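The two complexes that follow have chain A in common; it is paired with chain B in the first and with chain C in the second.
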Partner chain A sequence: MAERSPQVLLAEGLARQGRTAPAVTACQQALRIDDRDPLVHCLLSGLMLSEGFCEQALASAARAIEIDPGCAPAYLVLGLAYDRIGGVWNRSVLVWQELAEVVPDLAVAHVQLGEALCAAAFPDEAVAAWKRALEIDPRDSRAMYDLAVAALKQEGMATALPGFRKAGELDPSQDEFFFALTGFDTDVTPAAGVGEVGPDAGERLAAAHAFAANEELFKAAELIRMVLGEHPDNVAALSLAAHLYLKQEAVNEATACALRALTLSTQTPSAVYALGVAFARRPALSDHAAKLFAALTVMAPGHAMPFVLLAETRLALQRYSAAGEAYRAALALDPGCVRALFGEAAVALAEGDFTRATWAVRRAAYHDVERSGHFWRLYDAAVEGGAQ
Partner chain B sequence: MADDASLRLYRALVRQDPAAAISVIERVRAGGTAQAALFDTLFAPAMAILGGSWADGSINEYTFTQAAVVADQIMSFVTPPAAARDTGVAVLVGSVHGDSHDIGKNIIAAALRDAGHRVLDLGVDVLPARFLERVEETGARIVIVCAEMLSTAHAVQRVHEMFLSAERADVVLLVSGAPFAADTRLVRAVGATDVVHGAESALRLVGRAALGHLEEGEG
Partner chain C sequence: MSPDTGTPATRAARRNPLFPLGVNYHPLESESATREEWYAGDVDGDFAQFAAARLTVVRVFISWKLFEPQVGRYSDEAMDRLDTIIESAGAHRLRLLVCFFAEEPHARLLDVVWGQKRDPRTDAYLIERQAALVRHIVEAHRSDRAVFAWELANEAFCTGFESASDLDSWAATMREAVRESDPDRPVMLAVDAETLLHETRIDARAALDNCEVVVSHPTARYRSYVAEGPVTATRSTFLDSYLLHSTSRARPVLLDDVGPHGLEISHAEEASMLRCALYSGLMNGASGALVRRWRDMRTEPREPYFVDPFEALVGVCDSDGRTKATRRELDLFARMVARLDLRRYARTPERAAVLIPSERMASRPTLGSLYAPRACLEAFVRAKQAHIPITVTREEDPFEPFSLLVVPSVTDLAEGTWQRVAAWVQAGGSLVFSYGGGEFGPEARDLFGVDFLGHGGARTKATCRVAQQGVLGRLEPFEVAAEIPHFALLGPGASTVVATDAAGSPLVTLSRPGQGRAICVAAPFERVLGQSGLRTAPAELAAFLRTLYGAVADVSGCGPKVACDAPEVEIALLAGDGEDVVLLLDHGGKDVTATLRFEQPVATVAPVSGGTPISVGGVEFSVPLGPFGAVALKVCYR
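After this line comes the complex of A and B, so read on.
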């Protein structure tokens, strides 16, 4: 790796802290020393885009690519800038195709390519791009949302809704919401094994939640079994058991555990959530699910997720305007909620408002890229000298 | 009574005996419990007992899972049908001649179909005479014509004239698309009864039209 000037390192540090203005100044100083460093142009481009200066972002990204045609983060910023400007979808398509060639296993390039193709009125090619993204990363929720919206356009809500739900389940924010409801701290590093957890029920429950949050479902289940063996009426254990069953698509087992928990205590938000999710997976029980999620909006104020879940059950019930209200409530709490933005797009499509739908998808794309940190991953890889 | 029945249903689930479970459900239904109430009064309590038995170790994991399989098998007996019942209302949907936009039309058609209406989707670029032909063939009394461009929106008038010339003024002509949403005077100008603003609006207007309650300009 080539030696990097202190000005470049300063610019990067400031940019990572979100201190845009001093970072721009540092970039400009770095360019006075070496105006052929593609990464500095790229960094400047990203900073300009973050402040909404699309033309400047385009110019800097183009300069970075001119110097280094393999500069992946510059393609990302260039594509995002074209998308932000809108109306130049042919250019967007070209840029995302370039990025997909430079970094072939980058799912987001194919997702963005699909959205640009869709905006350019190539729906079939768009679907192919989203499917390619899912081949690369089967857990890419945005590609799944895009496919659900495409299904809605072609075949209506009943076909699209399972796609929205599937995308929602890929989105880690739903699990995070469940663990927030439980009140257990899941940021802790879980024990290496079940044997290392203390015999106290509280310790076991805490460890079970930590294992579950880390997708170590069997270890979590083993601990829950131990807790229930001594305390069969432990509501927290029953709620987590319901969640674990849901993760394994065992809807009836989850229903049984959640109902048992709610028989013991009706004021258990995590059990209300689990039962609502279990009911929502059965179209005939959408009305039941809607009631539970409506209750959850009251039990867990300040969270966007119950409103999103409520909105999705209302979509299933063909109550589109009511679904729109719930999505808007979710977005008021979390303006960057990608799932709610795609839902808002679905409602807009159902209401015949295609402009609003397109706008919602573009906002979702912006927030998704922001949250997922693709720029910095590509940038750091480029600094290290690799393609990704 | 319900508690007792729930206990019997729980036992049938644990014995992995779907026939016995269905028998319990049918007896409760015969006792006057409405279909809509079966899930809440019978099935949910039985599942809560099942969850409790698993939690306290009365049944093992295998039995729990097998009982859940039986619960799945009998689910349709205790829940309302997932698909809406056939309303018997036939609706023709299509994009007017010269217009190839189909997203709005597809969503409206699917929503009506999901609600149990008999939807005949004529596709895009449909000639006015085709709407009339299909009305005559199917006996449909409700037609939704979609147009997303101003030039094609005006062409809906030809569909209206086609119905009048065939003495089919009884057909309820609804329109959908951005030009009509932007200028509702256009709805009257082309001879339509009302404008559909998306799927929910379509459900409401078709529901009212089916009952013969739709007057001009209600949408």
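After this line comes the complex of A and C, so read on.
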């Protein structure tokens, strides 16, 4: 492969920094040097799409594919642009099928294919595509949300709710929110083993949070047991214990720990969260969960997640307009919150507003792809592939 | 535009001659119909329905394929069928808009077998044949009163042109062919310059300048580009009026293709969309409105289903002819507008305008040219929310008719424009300009009385600290998260700093060169709002622009004649002799009560569509409106 020109590298760097205008200029300069570089066309199309100029994104992505029919990131942009324009679902379907062929293990291609098929009024084929996405990646929360929305359309809220709950559990941002509430830094690399952690309670707590954030639940539990053995009234340890129990579906134990923490200190947001989540898992206690999450919205202002959790409990209580309000509050704080957008779609469907629901799902798709960094992963793989 | 002679003023007219309503009458009703079944249905029955619905104008589409099955030999059967259509239209007091060359996905009207796949837009021989067909039809019907206008082509056909010169030349040839036999009737091209530009980068304005009547219509693609989101979202409901103003250029504008494009929206939303479009047309000076389709197309199963951007599938009745919510909406509007004698009222003149920069028309799109329509639409919406009678103008057009110009988030103006703007401000004009990046040249610095200290870079927060309260209305300080792509670092120079950012750098400056005012906003707030999604548009920025525009319009003498406390309600005042008509349209989509305040005491108010007048006895009264509700009220003064 020929060496990549400085203009291309500059364009890439600027695009990664989100500096659209100079990145576009750099792409245009790079194309003046070599207008047959598919990745530059692809980069330009991604930039155009990021600014909402779908027609220009389509033109550049199509050019990239024309030059290199295996250019996966170009298919991604092409499909997203068609989806965003809407109405041309036949083309969307073809593009997502192509992407699924070019990168067979890319779950998002199947999720998008399902959404295009659903918009094209092929609900059964759409469900099959989402199931295929979950086969590839069982933790794909968007596929689960899509299945829940499909169930809502076909069979009503009662059937859809478990799907929404399951999708919510797959959402990693809920755990991130819990750790944000605890105030512990979870970005640190956890120790190799429990034995390497110092005897101090503070050290053990910090290490337990780090283990928990890295899904090493048994190590975290062992450390918490040590802390609680010495300090049975340690509120932070009780909250984390509640969270760990919740992760293992032990709702009663989680409730006990969270209640104990709140008995000791009512102003512990992480305990309020844990108790709310525990109550939300018991349909009969949804009302209590709603009250706790409402309190959490006040205790953790600026976070979208408490509003999402509040909305989801209201959804379970079939209080749709109140759920809609909470989802809107969440979206005001984080307009790209995929979970809130799917929730809004559910509320809109329950209220019979099909257009708003479709719109919310389309926005969710756009933000999900943007946040998950699929474009750059595919782009980097294409650069790598070209280099090889 | 006046396609009907009207009825005596003593009784309510069935149709309004000054605001005719009409419909596109498509040749086929079903996808399974063959192309030979061109208007083979019950035309007379359909026309009777159109007349009963108080429609006046009907667009019919000529099938070249059917009319000229062999080169130079015209089909008598097709001509007879057209005769019958014209006769029937006359019998029902309908006026026809005859469209010669329409790209229509179902009827394939242009598919002449002998054309051998050559392009009828550029192939000299085919153009010659087209002109001959035009001559043949116009010659045969030049004296038919039922023909209102000749339409050369629709927009779908025009998107096939590859250059503006090809389009100009083709349109000139066809126009000449019409004029050989019919020197009087309007000749039209059903193209909206802005939407065609978006689709093809072709500037159709030269071709349109030769037309007596022009049309405006948001296409599905243009809507998704400039006002992404549900069709009943606020920005989207203003799109009809925005395009209407951008198309006008002092000629009658027909609001074309009114109604839903796709099948994705509910009947209630279709009705809201139609209501918004019809009222927007009436309130913003359209010369009439044409509904996209009468009956739903009877479609075949498609695999997978898709909508061609140019196909019209959705009508105001379902495929069996049953009334839909849109048809009821059309009836209500037609009944109301029939009672409105537009000869007795004058629309409030628009002396404020949003300026579309000439970079928008660049043959190769730049980022600036792509941002421009969104920023301009956003400025238009905010001005409308301040209830300013506003229109849209272009950089090349004269500025003299206006007292206020809004130049929103522009990257660059053409050479010579700053001098023209400066002269206009010197003579008393008020300019609101917001910085859209790029250079801030010496002319701009002189005009605004500021020093340009450089580009401050992108910001993630917009802050406004009011330094001089009351100078430009009651601006509210704010600090809000927003992606601000540019910020001009300004030195105050000779200007008055009205507001600053958090660090004290001027955000809004005011200078008073000559008799006018020049206001500079250091950040492209219109673009920020235009680029934002529905949820991300910061309400503080919208309120800031609304207040700023409203204050400048007030001091420039082009503010609203009727004050209203509900920004989401659009208002139009039709001034009469001793009584006015005020039209209200809610764009917010929620129940709202708008309180109107007039300059003089109001004696009574009554709905235009009929009803008992209600005594007011004061300068203000309130009007409740439902979601996307609209009402026309006759206001009598004491």
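FYI, the second predicted complex is superposed on the first by the 383 of 388 C-alpha atoms of A that agree within 3 Å, B and C clash if a C-alpha of one lies under 4 Å from a C-alpha of the other, contacts with A are read in each partner's own complex, and residues count from 1 in each chain.
Everything that follows uses one rule, which is that a contact is a pair of C-beta atoms (placed from the backbone, for glycine too) under 8 Å apart; a residue touches a chain by one contact, two chains touch by 3 or more.
Quantities reported herein were computed from a predicted structural model and do not represent experimental measurements.
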| item | value |
| --- | --- |
| Which of chain B and chain C A:Leu113 touches, first, second, both or neither | neither |
| First (chain B), second (chain C), both or neither touched by A:Arg84 | second |
| Contacts of A:Phe354 with chain B and chain C, given as first, second, both or neither | both |
| Chain B versus chain C as contact partner of A:Gly229, first or second or both or neither | first |
| Which of chain B and chain C A:Glu51 touches, first, second, both or neither | second |
| First (chain B), second (chain C), both or neither touched by A:Ala250 | first |
| Footprint overlap on chain A, comparing chain B with chain C | 352-354 |
| Of all residues in chain C, those that touch chain A in their complex | 198, 220-221, 224-225, 228-232, 261-262, 264-266, 269, 302, 304-307, 309, 365, 367, 370-371, 437, 458, 485, 531, 533, 535-536 |
| Sites on chain A touched by chain C in the complex | 19-21, 24, 51-56, 84-91, 93, 116-117, 119-122, 328, 331-332, 335, 352-356, 358-359, 363 |
| Complex contacts: residues of chain A adjacent to chain B | 152-159, 228-229, 232-233, 237-238, 241, 250-253, 255-263, 282-285, 288, 318-321, 349-354 |
| Residue numbers on chain B that touch chain A, as the complex places them | 39, 44-45, 47-52, 54-57, 64-65, 68-69, 71-72, 75-76, 79-82, 103-104, 106-107, 109-111, 113-115, 176-178, 181, 196-201, 203 |
